[in-house]
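Dropping the structures in below, format is structure tokens.
Below, chain A partners chain B and then partners chain C, in two separate complexes.
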Partner chain A sequence: MLKPKLISQVLQQATTGGVKATILLNPEGSLLAFAAQSDRDARIYGAIASNIWTIYSKHCKPEVGPLSFLMLECEEGKVAITVVSTMILCLVARDDVELGILKAKCEALTRHLEEPLSRVAGY
Partner chain B sequence: MSEELVVHFEKLLTRVDGLLSAVVTDRDGVVLLRANAPNSAPPFTESALGCTFALASDQASKLGLKKNRSIVSVYGAYQLVQFNHSSLITTFVANSSANTGLLLELGSELESVTQVIATALHERHSGAL
Partner chain C sequence: METGINNILAKLTESEGVIGVLIADEHGLCLGARGIAKASSAGFIASIATHARELTEMKGRSDSKEDTPTISVEYGNSTILIRSEGNHTLAVWKS
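Up next, the complex of A and B:
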């Protein structure tokens, strides 16, 4: 079965080099696991990320394909959002982190978590 | 003026491989300028794209990272790159394989052009009052 402590440890490994928070949440915006400075920050990032993901998912049509990645650039930070199995993965970083490294971290985490999370997705 | 801007936008479409469409809308989704690559009709409603971005950008500005500048959304076959240029929204629709970094750079380059449109709109609006 899935070990919740290990998920947090994996997320913690990505929370380096300017990444402030790594959050795993379900599509409704409830947190599953996170690595952030405070749980208040994680809750705020998670709620907004899930909301924005839902907004952009509305453009999905057969000819467009599924939404696979979102990248938000703000004046003081960057956010990358992607889907892992049925869950949403969100990385929040400082402004000086390049979008490419943020995307690479997202893809590495997705590869690592996809298989174990798909086992519990049906429950 | 409007024709010159459309020509300028159409030139941009030829500069980036995979770029299919460039649209400038206001925050209500009203299309001000549209340029499409020849023989391409991206399956998005331009006005809906503007509204979506306005909504998402307002949400993103509440993350505590100050004002949102741009949002990139990648779908199976397409990607959208959208910019918050003062009161206007610039949207690029491209193939999902197009160079995202190039599109982001192009958007920053276009900020001065959209600023011209925003100023003209503002002047017309204040003249009407």
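Up next, the complex of A and C:
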């Protein structure tokens, strides 16, 4: 139904050119799959990203619609967070990575993972 | 994943007279910049292209490829050529 190893390989494809970590989380913030230099980094990035996403989601007014994309410029890097099916996708990149590239990578991954993850989300 | 864009940017930068290249997406976010082009100008570049397209559409013509405007910004001894194709805008700085 869903091959976890393949998901990691897909995430790995986006973890190039200054992207330090690509993480897929469930809505509770638990890691589903990731491509990062270390497990520790992925867990930390994942926990922070999930927290930020949840806080912003809660403060989205109904008339504006649900939160679909978040981009953050931090002191030492850039972060993009989006939703794929019911899961959260997070990309952490170096400061020199352009925001457009980060967004394009997020969209490419979303297109690729949306259909298989939506099948799993039903269970 | 970004190899294609990097190759295009590198190829354009090597062209004669080109001193800078920038590609922006439809939101004005920079996809890549080389030479004297600054990533922070991606928003302005995309905005100029959008406004130019709106001006040409005012003529009531169809939005065929031939109608996509190319904008030339001349200053000093240099020129910036801006053209929007699909969701992306390309800007080339020429000396």
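One rule holds in what follows: the second predicted complex is superposed on the first by the 123 of 123 C-alpha atoms of A that agree within 3 Å, B and C clash if a C-alpha of one lies under 4 Å from a C-alpha of the other, contacts with A are read in each partner's own complex, and residues count from 1 in each chain.
Simple rule for what comes next: contacts are C-beta pairs under 8 Å (C-beta built on N, C-alpha and C of every residue); 3 or more make two chains touch, one makes a residue touch a chain.
Please read all numbers here as calculations on a predicted model, not as lab measurements.
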Inset, instruction - For A:E75, decide between first (touching chain B), second (touching chain C), both and neither. - result: first
Inset, instruction - Using the superposition on chain A described above, determine whether A:L6 touches chain B (first), chain C (second), both, or neither. - result: neither
Inset, instruction - Considering only touches as defined above, state whether A:V120 meets chain B (first), chain C (second), both or neither. - result: neither
Legend entry - Dominant toucher of chain A (residue count), chain B or chain C: B
Inset, instruction - Pick one for A:G17: touches chain B only (first), chain C only (second), both, or neither. - result: second
Inset, instruction - Could you say whether A:A108 touches chain B, chain C, both of them, or neither, answering first, second, both or neither? - result: second
Inset, instruction - Identify the partner contact of A:L99: answer first if only chain B is touched, second if only chain C is, both if each is, neither if none is. - result: both
Inset, instruction - Return the residues of chain A at which the contacts from chain B and from chain C coincide. - result: 99-100
Legend entry - Residues of chain B that touch chain A when the two form their complex: 43-44, 48-49, 52, 55-56, 59-78, 80, 96, 100-101, 104
Legend entry - Of chain C, residues touching chain A in the complex: 1-2, 5-6, 23-25, 27, 29-33, 39, 42
Legend entry - Residues on chain A engaged by chain C in the complex (per definition of touch): 13-14, 16-17, 98-101, 103-105, 108
Inset, instruction - Would you tell me which residues of chain A are touching chain B in their complex? - result: 41, 44-45, 48, 51-52, 55-56, 58-61, 63-79, 92, 95, 99-100
